[in-house]
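In the two complexes below, subunit A is the common chain; its partner is subunit B in one and subunit C in the other.
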Partner chain A sequence: MTDKRILVTVFLLLMPSVIQAQSLAVTNLSQLSFGEEIFPGSSKSISRTEAASASFEVSGEAGREVHITFELPQELITQDSEVMDISFSTTNGGYHSLQTEQANATAFDPANGLITTLDSDGSLYLWLGGTIYPARNQAGGYYSADITANVSYTTN
Partner chain B sequence: MTSFSKSLNSLLFVVFFSFLLGLDCYGQAKIAPIALYMNDNDQTARIVVRNTADQPVEVNIDLLYGYPATNSEGKVFLKKFKEAPAGEPSANSWVRTYPRHITIPENEQQTIRFAARPPAQLPDGEYWARPAVSVRKIGKRTISDNGNQNVEAKLQVIQRTILSLNYRKGNVRTGVEINNLSSRYNNNTLYVNAEMQRKGNAAYLGHLNISLIDASGDQKKHHREEIAVYHQQHRQFEIDAKGLAPGRYQVEFSLDTRERHRENSDILRARSVKKTATVTVK
Partner chain C sequence: MNTSKKLVAVIAMFSFLIIGNLAYAQSTTTTANGTVLEPISLSSTALNFGSQIFPGTDKSIAKTNAAAAQFDISGEPSKSVNTSFTLPSSMQADTSSATMPISFSTTDAGYAAASTSQSSQTAFDPSVAQSLTLDGTTGELYIWLGGTISPTSTQKKGSYTADITLDVSYPSN
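For the complex of A and B:
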């Protein structure tokens, strides 16, 4: 094998860790869904430990500190511009290094965001719940809104 | 072409090809690299956004301004501004993004370029911007056939990854000064507080080390992390000190750029600094 081929082979072996080190991503694994059983005049809450909560995976370089913030909506809206209020409590956010530990996730306030360190696999899992407030005369329809999840390393 | 250049080209090709193949793919979009460095001799930079979702994504790139700062608990967070405050070394007004809005089909990728056109009379120094890459899935919204009688509610998540962009003009230098180092021990935890003030005209990007040394000179605890001081930081570190024998210890607090510069020549070198404090474990 020539020197050049050896070099390229070494690069190929190292490349997954190089790519991993250079990137940062948030995956939305599931959406926060309040479902169809929503009754006018009755608020409905989804906690961070429920399956219907939103879940995210943050992937990046192992051991690096990340800062995650959320831009949270105050209302949901239909295509016909009907609106419904939504709120997020100080314990509606949860995080853990293991995806299987949703029930044991550490609580955080989604309005304040989160500063934490990625684990040895470079992973972090987040869950987000919330509460909606349908009015007594809430019009039927599909209500939706966007949540923006900002993620950055705290160093270059 | 020299042997070194050929090797470098091979590396770049493999990096790019690996990215195309999607090794270790995560997220609805994968963005790399996350730190961009530009200067007078190389006024362009690029990132690649790869859609790893199973549907098209809409991508928007905005330039924010920001830098790592510390909160009241001594933790680092990214302080963001839509517009840079007066006096800040912002590159936002003269860095252009091409394109700023795109749609990427599933399993495809797009290169985004950044071009700097700094004003002619710009003083020497480092100028900062924070490209924010927002990715939103398109379509596939399932609306149940409820005859519009029922209420159904869902939230969709927009992923926004915030990168760093540092542009260096002319003579740039960096350094850091450690002030007000103090340490205390409480309930099996060592608390170390320090202020770090950046020197020079560029961000200090290095490593921070905290060592706990006993009376015989043995290192009993060590903490190391990457650090970026853009202006100043007031940090508090909490170090697990379970199992430490009672007694008096020296806390060594040091910063250096050696390893990061060795790994990436874009990291500016600076003189290492160290300060010490003492703490008593009861």
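For the complex of A and C:
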């Protein structure tokens, strides 16, 4: 085999890895929205089964095991740097292979992440709830913070 | 192909592999968000029966009187708030253990959207919790409270006081 043939062969062997890697994706479908009427002095929770929870779609290779982690905030903040506490319970995360099954999502601890398997069409849906704790004298205004979902294939 | 060209080609191939492996990890970012209403602020003036209370004679202060207690409330315009009084049944002498009865009628409290509307306030029973609405423009609400003291004919001379507490809160989230 000539050098050129060897290189072409190596290239062709490597291409599936690249194509396969690009097939894994995570997309945000909705924000975790606590609404426009948060009363100071009263905590507010959004469960993983509510429409106001954050939701994500993972798509990849059918049957592959994936590792999901979240980067979770501890505070929401305003443009004026006012802060409000937020927390995530051990059951605030939920997952299911069908988007229509939010109500029946299996709970997981979003702080610990999740290892699960993509279903036969390569889909997985995630939901995330949380709780905010406005103080009695919490400054009025719009508060927000980033939530990042990371997804990768495991070596299995 | 010379050796250096082969090396470049191989490096290029491994670059694909490295890029491929990096692409296995995917991420997306969203937000948690919400809007907090203006917090409630509250200040007050005393219900003042004056410095000349005669033993054996009841004395009343109407809610429309300047001596009535006034509570200034402010918060998110147009939002409802829950209000409730904790009312005393007696006043305590400042320098002795003597007490003096105090009472509140079913119309001794009133509210209005402006501090200038004391004379035209809407009456309510201060012993009953209320759900009231803050002014749609200013977010303000004013509550006044009158009452009646009933000194006995042998009421001990001196200054008497008692706490009146008004709790104001938004409905729970």
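Couple of notes before you dig in:
Keep in mind that, in the parts below, the second predicted complex is superposed on the first by the 133 of 156 C-alpha atoms of A that agree within 3 Å, B and C clash if a C-alpha of one lies under 4 Å from a C-alpha of the other, contacts with A are read in each partner's own complex, and residues count from 1 in each chain.
Going forward, a contact is a pair of C-beta atoms (placed from the backbone, for glycine too) under 8 Å apart; a residue touches a chain by one contact, two chains touch by 3 or more.
As the structure is a computational prediction, the values presented were derived from the model and not from experiment.
Judged by the touch definition given at the top, the superposed model places A:T155 against subunit B, while subunit C stays out of reach. Once the two complexes are overlaid on the shared chain, A:T100 sits clear of subunit B and of subunit C alike.
Once the two complexes are overlaid on the shared chain, A:A54 sits against subunit B and subunit C alike.
When the shared chain is aligned, subunit B comes close enough to touch A:E65, but subunit C does not. In the superposition on chain A, A:A25 contacts both subunit B and subunit C. Contacts of A:G41 after superposition on the shared chain: subunit C is touched, whereas subunit B is not. Contacts of A:S120 after superposition on the shared chain: neither subunit B nor subunit C is touched.
By the document's definition of touching, both partners, subunit B and subunit C, reach A:Q138. Overlap of the subunit B and subunit C contact sets on subunit A: residues 4, 7, 11, 15, 18, 20, 22, 24-28, 31-36, 38-40, 54, 56, 73, 76, 84, 86, 130, 132, 134, 138-153.
Partner subunit B is touched in their complex by these residues of subunit A: 4, 7-8, 11-12, 15-16, 18-20, 22-28, 31-36, 38-40, 54, 56-57, 59, 64-65, 67, 73, 76, 84, 86, 113, 115, 130, 132, 134, 138-156. Chain contact summary for the complex, subunit B toward subunit A: residues 6-7, 10-11, 14-15, 18-19, 23-24, 26-35, 68, 71, 75-78, 80, 130, 132, 134, 136-137, 141, 143-144, 146-164, 166, 203, 205, 225-228, 267.
Subunit C contributes residues 1, 6, 9-10, 13, 16-17, 19-40, 76, 79, 169-173 to its touches with subunit A in the complex. The part of subunit A that touches subunit C in the complex is made up of residues 3-4, 7, 10-11, 14-15, 17-18, 20-22, 24-28, 30-44, 54, 56, 73, 76, 84, 86, 130, 132, 134, 136-153.
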